[in-house]
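Below are two complexes that have chain A in common, paired first with chain B and then with chain C.
This part shows the complex of A and B:
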């Protein structure tokens, strides 16, 4: 708009809607973040401060629970296990899932669409229905309570997830890119690894991060398939929450919960830039 | 540089055959344009030559070698795509050098060849830019540079100018022509724009419905179209067509019984024909076919007149200017050598092609 008056009107309208949007964002953030805030707050409280009515926002913080639980061997080991399992299943799924997604996006095979749909449908089966058969298979193979068991189990739901995300990402890239690379001297694999993968790095990375977060917080399979050696942090939390002898130890629960969340938050902050470009590029034409 | 021979090439997708046996001999250094409406199979044929589509039947030879089962990378061809297909994560230098690096050519030589090509195309100052930092015309030039730098046997162009605006398209058209005159590399150029095909190519191959309709030099196609389709397709503004019965040898009787005398009879002796006359081959005379002028469009060097002749719209193009006004009746004369006679048939509707041209 050229005249100053209408320009001002335009700006006012924008800033009003902008302000509304910001307020909406804040409201949604509070809704989502308050439980986490409360968890972190509680984890620094002493036992007596936890159950007061009305709840206490001001209290003398203590690191007692943290010190106690970080020194317990089962918690640190479980933290290490979680890192191994999340990284392992994330990497395995991104490699297998991305290549499967590429094949679904690009290669004309009879029944490819049906095949892809079947894999997606397998995600519709409730995990609890699969947990027991999976346990029986793992026991037969002598694979109970091992890292690889969880890595494989998680990959069963992460691979379809990665496959479908990456399929739509690859579909958004023009086919001529590979064709051009193939004329320029690449095989199809060469075109994939030299051209398509480098272009898709943001998408691959964000998908990897989401997969790792899914694996990080998974409880059911970890509970069923592991025991002492390979068990993960969510199992520990469930154990504390479900302690029927002493009742739930809320201080411990929130402290371990915080320990679980902190690495994810740090990780997400570190790769934030990639995460956003990845999501945005997946949506628009690359 | 190399010859390209296509022998009875066929392509089917499942049970549907889209290319019904195309044969073409392309000479070393020749510039051939494949032109036709969308869906005529021209791009499919080009992609078969490139190796991006497999060949259902027949043979394709580059040089003396049958390339039917040879991978695109081993055919020594270069292709320019409509959307350029520049590698978005590489700068201009690496885009142009990619094919050379794939062939493990020495770094110093790659550098030198990229610089030379960049100089030819005026890209010296853009070598460190990424494709997204370039304008449409610059991207087009980089895509050409990527092809030229390889010094391939054959250049393949797939509608390379379609994504440019009209002015840039004309400019790039003459650049491509100049480049070919300089490099003399065998070139196959696919376009739906007959003007592009006519101005660029040594030989134009008109395709329609998966077969070659006619091939020949641009002016040969213009002067002697072998079919109604080619006659309607080549030329802008397009040829005028009148369908009717030939009575008494040289009288064309239209559907509404208007009789128009023709300067020649039909050597084939058909009784029903479609007559084609190019707009510039009408002359305004004292006697001849009477037509009522509806629109006069002067462009300075020439004037286009739209008139009604027994209910049919005819276009007339005359050099220079005219005092003719809308509503007037003019008389149209035609020299015998400019009358084209075809088997009577409905005129192919090619309106969408005119828009592009």
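This part shows the complex of A and C:
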């Protein structure tokens, strides 16, 4: 008789702790999302609604700041620059990185593993150690303030990233796929393009999007290697945030911040499933 | 017989050509990556080393005459370099363990099974794709001593007003808070996957054996998670040593030099003071220290994996 009672007692206790966990989880996610919510909210405020005590949650929304800053040529141009550089470096890295990742996963080449390891080690190189020489060389060759310079600079951290992510992806595919294709007379490239790439498309696309996000957010190289024509959005934000002469321009900061964050969030949510497994793979196998 | 022999001798060079061709095809997969990274990664590193041993020639804007260890000696004598390393170390020593512990705890919370679990997990992706420089700027507004919403709320529980960016300790706390906000979700996502992959039967066995919650955590869950925790730590370390954007946007190293992390210091020395040779020497020192510590952490995580 005593057993069922104790089991019910146990169940109520676990359900209380379960409820606590759920509540705690919700509370923590609200805590983590609030700053973004607050930024987006502030971006729709008029100047008089921004600097208030208590802070305003209800106000008449306005697009004033957006219109003002989109009209300023530098924000629109920076946005275009950021898109060009993110797309360019993303595409370059996915092609070069996926090929290297495929080689490491599938093709036996003597010495390739050493290069693979070296490329992996390069993830520990502080970007500032690259920024100084890149700036000096680019200046000498007249390559500063050009999109191609940023695209190549970003490939230094994107290629290793793509390579290791795609390597573990290719390793997870059954080997028979290419083997049968090559027996049927396909060349290595034929097997790659006809068999492997079509079935890897979701993985390739997600890796591409994630690489583009990394390029989209990059600050140091953009700060060092560009000044006017090829300058990107993060540089603008650093400028607005660090503008101590004109004081805090929170309207501009939040509007430009929102413009930067929203497209990235949409893309990230699109690839969230792969992102999570990719991260876990990267953590356990990378 | 002779025809047969002729055929064989003919076949050998063809086969050899085929083998070389195959070798070329094999390498052609690696060559673009090797080429690009040699030019953009290996060459800059060697050039940095070159500059660090030279007097910087402003007229040609490149490495001038060889000066041996002079730049290194100068940098080692510079108290600001050591201050900056100290600041970086304080940040790393507090932020990394904090983020790993917080990340795994939050993962445990949001892994509770209920209808909204998938949604919450997806929402945790959002902070980790906010550009670090945006995160810095955004939090600068939230932590503003006068108009910031956090100080307003803290006022209700009788704290403050806190001068987040005027007080050295609070400024470091602010940087760590922002960094933790930006990076903990990344660890949460890894930890969520790791927790889901834990074998359920081990926990059921522990429950049957009458193990309480605490001992289940410490003697069942943690040992199983050690490899993932160690790997997460190493990945996070590789990101954290590059700390630059958040500090630049939130505090710009201030007040004084209280949050002047090493990357910002080198950046300032190079691109504001145009002391390229000294910056190169500092960059080389940081590169070596980072590589050695990364090697140690990798070795340590392997050892930990073997232990558990």
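Criterion: the second predicted complex is superposed on the first by the 233 of 286 C-alpha atoms of A that agree within 3 Å, B and C clash if a C-alpha of one lies under 4 Å from a C-alpha of the other, contacts with A are read in each partner's own complex, and residues count from 1 in each chain.
The definition used in the following text is that a contact is a pair of C-beta atoms (placed from the backbone, for glycine too) under 8 Å apart; a residue touches a chain by one contact, two chains touch by 3 or more.
Treat the numbers as computed from the prediction; the structure is a model and nothing was measured.
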Partner chain in contact with A:39 - chain B first, chain C second, else both or neither: second
Chain B versus chain C as contact partner of A:179, first or second or both or neither: first
First (chain B), second (chain C), both or neither touched by A:187: both
Chain A residues touched by each partner, larger count belonging to chain B or chain C: C
Touching partner for A:80 - first (chain B), second (chain C), both, neither: neither
Partner chain in contact with A:53 - chain B first, chain C second, else both or neither: second
Contacts of A:199 with chain B and chain C, given as first, second, both or neither: first
On chain A, the residue positions that both chain B and chain C contact, one per complex: 187, 286
Complex interface listing, chain B residues touching chain A: 50-52, 71-73, 75, 77-79, 81-83, 85, 87-89, 98-99, 102-103, 146, 150
Residues of chain A that touch chain B when the two form their complex: 174, 176-177, 179-187, 190, 195, 198-199, 286
Residues of chain A defined as touching chain C within the complex: 18, 21-22, 24-26, 28-29, 32-33, 35-36, 38-39, 42, 50-55, 95-97, 99-100, 102-103, 107-109, 112, 115, 119, 121-137, 139-140, 152-153, 155-156, 159-160, 163, 187-189, 213, 216-217, 219-220, 223-224, 233-234, 237-238, 240-242, 248, 250, 253-254, 257, 260-261, 264-265, 268-269, 272, 275-277, 279-280, 282-284, 286
Sites on chain C touched by chain A in the complex: 25-27, 29-30, 32-34, 36-37, 39-41, 43-45, 47-48, 51, 61-62, 106, 108-110, 112-114, 116, 120-127, 129-142, 144, 147, 149, 152, 181, 184-186, 189-190, 192-194, 197, 227-228, 231-232, 235, 238, 241-242, 244-245, 248-250, 252, 263, 266-267, 270-271, 276, 279-280, 283-284, 286-287, 290-291, 294
